[in-house]
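A, B, C and D are the chain letters, set down in written order, and residue numbers restart from 1 in every chain.
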Amino acid sequence: MKQEKTTVVEHHNFQGDYRILRLAAPEVGPLVKPGQFLELLIPQLDDRILRRPFSIYKADAEGVSILYKPVGRGTQAMIPLNEGDPVDIIGSLGNGFPELGAGKIPVLVAGGYGNAALYLKAKELKTKGIAFFGGRTAQDILCVEEFKKLGWEVRPTTDDGSLGTKGLVTAAFDPWMQEQEAEKLELFVCGPNPMLKAMGDRAIEHGFTAWLSMDKNMACGVGACLTCVIKRKTEDGGWEWARCCKDGPIFESREILWEE
Amino acid sequence: MKQEKTTVVEHHNFQGDYRILRLAAPEVGPLVKPGQFLELLIPQLDDRILRRPFSIYKADAEGVSILYKPVGRGTQAMIPLNEGDPVDIIGSLGNGFPELGAGKIPVLVAGGYGNAALYLKAKELKTKGIAFFGGRTAQDILCVEEFKKLGWEVRPTTDDGSLGTKGLVTAAFDPWMQEQEAEKLELFVCGPNPMLKAMGDRAIEHGFTAWLSMDKNMACGVGACLTCVIKRKTEDGGWEWARCCKDGPIFESREILWEE
Amino acid sequence: MSVDLSIKIGSMEMKNPVTVASGTFGYGPEYAELVDLNRLGAITVKGIGPEEHVGNSTPRTFETRGGMLNAIGLPGPGAQGFIDKYVPFLSQYNVPVIVNIWGKSMEDYGKVVEILDAVDTVSAYEINLSCPNVKEGGSAFGTDTDSFSRVIELVRGKTQKPIIPKLAPNVSDIGVFAKAAENSGADAISIMNSYPAMAINIETLEPELANRTGGLSGPPIKPIAIKLVWDAAKATTLPIIGMGGIYEPEDAIEFMIAGATAVAVGTANFTDPSTINRVIDGIETYLSQKGYRSASELVGTVKA
Amino acid sequence: MSVDLSIKIGSMEMKNPVTVASGTFGYGPEYAELVDLNRLGAITVKGIGPEEHVGNSTPRTFETRGGMLNAIGLPGPGAQGFIDKYVPFLSQYNVPVIVNIWGKSMEDYGKVVEILDAVDTVSAYEINLSCPNVKEGGSAFGTDTDSFSRVIELVRGKTQKPIIPKLAPNVSDIGVFAKAAENSGADAISIMNSYPAMAINIETLEPELANRTGGLSGPPIKPIAIKLVWDAAKATTLPIIGMGGIYEPEDAIEFMIAGATAVAVGTANFTDPSTINRVIDGIETYLSQKGYRSASELVGTVKA
């Protein structure tokens, strides 16, 4: 974990509303493990004081890239960032994805910017498997070619049927799963909460492993403030708070006590 | 008085640290009287909420210009303003300079950005007289050629002697004044407080008229908050608060009860 | 569907819930060229004492991160001066006028009302029991329930017009004061005044304000004000005029949801005098988009 | 000329006046990769109760204009858990550790100290009498002088180490509490906790925090904190640890001029963990440029 006061290397539209921000990060870049994130202090975010967490999409010895969608005050304030502008990051943060279990078939499941969190994992895994990407429209299905280039089979689903199977990611995943030996599957999931929950439920029902990247509002990003907690089951049948930023963001589906 | 949400037309270095900002102002421009000012809401002034007052240097049917020097948070945040950037002004504000008295000889006295406040007056006056401009170095003596073009004689003074007489503005003014019929002089003064005070004292001592543009921190700029008050003598020998933004910024030297 | 924006503060009818915070809008004329006064729900004028008062020395305001400090010290023309100088102007408009009143002693409050009460243009009194910037009276009345209640009772005895005590924010339990206001005959309460605060110049070691301390206002205090309004709304059935850092329509709406029947735009007038119009329009749009028939329906709807 | 930055809080020596605000720096390890803990004047850890505690539901924080709200609700491992999990780590460093303690009842405060007092690594206790986010205890003790004094006396009876009550900001006269702390045997006081506040989501009508209300921290509260420190400094001779919105060295210096012997960096850690270093360096530079020989010389030098 390092704090790096650095600069923007590149910033451009990627697809639809999504944008890619590449930052020089000779300190942070080499530390990155797949599934980790960084905390960005957005310059000129007027009168807001908190950093924003972003999954690390790509990382190497010189820098890191994030893939984001402007949705609120912070992400919108990122749009004017130009090459050479100063930024401040803390990274890499969080536990990251574990190693694939021996003999397991890796399955990636993602929605929206979730693809960003999975890319490094897809690259790292020697065994290439299958990726289920869900989105509202074709515009929201990111990086398909990139994952294919890495050797993955990609099955997109869209709410409006504009790409791949029409429906939620489960519409493609469920029929496929029927034909598998469930306990051999190992899922790496990153996406909106309902998707995480849906995959978590299936993992428990069908007895496979599912690593879920949990998305919770954060303040410090390093485990100090206790903002980003979720309920994690304890051995005695109870639960304890676990910090998504430090103990996570990756949790195995069986660990999570879903709220509501 | 109008509020105008408008844009930057031009913004450039003028001389030394001084800069000129030209704004489109079809509403405010035509209202301007010499000696008035505007209140600028500086965009991207991060977490600061107050407008900043600036004398109106030039004004016409299409726009207004201000001449400023970056000295603090607000003025520094103005530097990156570019053509087309949105700005918000309220103007024109304050009483402005009165008409020249019949048979009077007009004298301009200015320091720093004070020249900006006097330019429109210099232009408006049919009788052209003499202008005393003081500054630290030659770099701080602004607009000399412009005033000359309008038909004024300009006598600069600088602290370091790099232009004109060495010393304060009084070093040039005092000897000149000795040769005049003092009661015929009418001064229009804009500059730092010590200059205002020095000229005000001379006006009272020698019996001439001196209109002083008073510089006081402001919040609202329109007379509502009662921030910018100075002590004005009342007829009964006492004093009352007068608002620089509304009752001023121009006061005749005899009106002012100097503090300390 | 058209929305009924009107609300009532005691017997005073406001065409919409938006007024201005005392001291941030002068006495009316100051912003009249920039803001259509007839659009306001009410005009609240700068604090008026029994007699002319000079207020504090300068500097009287200081800009802080996100907000400002003020220690104006309640200068003003006094009650009779207000009638002479400003009532003719204000009477031209079709807008209720709330006069914010203050005193150094309990009797002073009574005196102001005695002088003003015959004036038709004066619609209601906001009783400033919370000015952080005068030595005597002001805040002292606002933080002690006994004298707080006695000032209200005294004013109540002198007028039939709505009286609106303005509560001090620097108390542990604002509910006690809200309830005391109700019991003492107030028609509404207003919350909050600027918060006692200070800034020191680290070069000169001197306070940035001549009065040494002042009141913090603007966006920084909004979350404090929202809580105070919510707390007070639980303690009293009186209508509340909520204020503190309202800059956007969303801020005003948040105050109403917390329990404010009306709201006041304060420091935002200095930043952008068009705020008032934006807030009125924004409340109307919000109410109509959400299917409310009236502004009152929104008041106190917080799910808490 | 080299400046002596060291100060004393009771018997506790700090190599410089800068600590961190409880709850914004975890228990030590969280920021250890980003901040050299040995540089700190002291480490103040997150509030510790007598037993393990779960704290509030989420959302626990919310960003506001210029600051943030928190209602964490004091989750933590409890006194024994703290010893087991964090003392071994903390004892590696050459920095005094201030343990912030809290309880639901008066006895709870005593219990925490009983469990911790034998631990050498624990240098001092900051007694949280002002947490806005727990139902029982916390703030209730901080706004009533009787129970305030009794908690301090009880803790005093259990330890020789410095005890530092943390005062509630939402009182009319903090001087009373400062004096009461002194009379009850405290060694210092700390000011201020986050200020009770609230935010409501205008789409859902729900409070933005699960706990409904929370505490406002960060730059918005600094001018309030400066005034509280100044007020308290006039009422007591105890050293004061000042905090509230410290983001820049200038902020810390302002607190010291107002009367704070030490300062704590809080919310700023989240924004920029390098703040602490910047603040320590900045204080040193300021002192040496102005010709002070020691940090203590600056304390309370405000010309007011």
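Operating definition for what follows: contacts are C-beta pairs under 8 Å (C-beta built on N, C-alpha and C of every residue); 3 or more make two chains touch, one makes a residue touch a chain.
Everything numeric here is computed off the predicted structure, so don't read it as measured data.
Engineer: State which chains count as neighbours of subunit B and simultaneously of subunit D.
Structural biologist: Joint contacts, listed by label: A, C.
Engineer: A-D versus A-B: which interface comes out with more C-beta contact pairs?
Structural biologist: If we tally the C-beta pairs in contact for A-D and A-B, the bigger total goes to A-D.
Engineer: On a CA-centroid basis, which chain has its centre farthest from subunit D's?
Structural biologist: Chain centre farthest from subunit D's centre: B.
Engineer: Using mean CA coordinates as chain centres, what's the gap between subunit C and subunit D in Å?
Structural biologist: Subunit C and subunit D have C-alpha centres separated by 34 Å.
Engineer: Round to the nearest whole Å and give the separation of the Cα centres of subunit A and subunit C.
Structural biologist: Computed value for the inter-centroid distance: 48 Å.
Engineer: Mind checking the centre-to-centre distance between subunit A and subunit D? Centres are C-alpha means, answer in whole Å.
Structural biologist: Their C-alpha centroids are separated by 36 Å.
Engineer: With chain centres taken as the means of their Cα atoms, state the distance from subunit A to subunit B in Å.
Structural biologist: Averaging C-alpha atoms per chain gives centres 58 Å apart.
Engineer: By the touch rule stated above, which residues of subunit D touch at least two different other chains?
Structural biologist: Expected reply: 65-67, 219.
Engineer: What are the residues of subunit A that contact at least two other chains?
Structural biologist: 47
Engineer: What residues on subunit B touch subunit A, complex-wise?
Structural biologist: 44, 46-47
Engineer: For subunit D, which residues count as touching subunit C in their complex?
Structural biologist: It comes out as residues 64-67, 69, 143-144, 168, 170-173, 195-200, 202, 204-207, 212-213, 216, 219-224, 226-227, 230, 245, 250, 253-254, 257-258, 286, 301-304.
Engineer: Spell out the part of subunit D that touches subunit A in their complex, as residue ranges.
Structural biologist: For this pair, the touching residues of subunit D are 23-26, 30-31, 33-34, 46, 54-55, 58-61, 63, 65-68, 70, 72, 75, 218-219, 267, 269-274.
Engineer: Show me the residue ranges of subunit A that touch subunit D in the complex, using the header's touch definition.
Structural biologist: Going through subunit A, the ones touching subunit D are 1-3, 41, 47-51, 88, 90, 216-217, 219-230, 240-241, 246.
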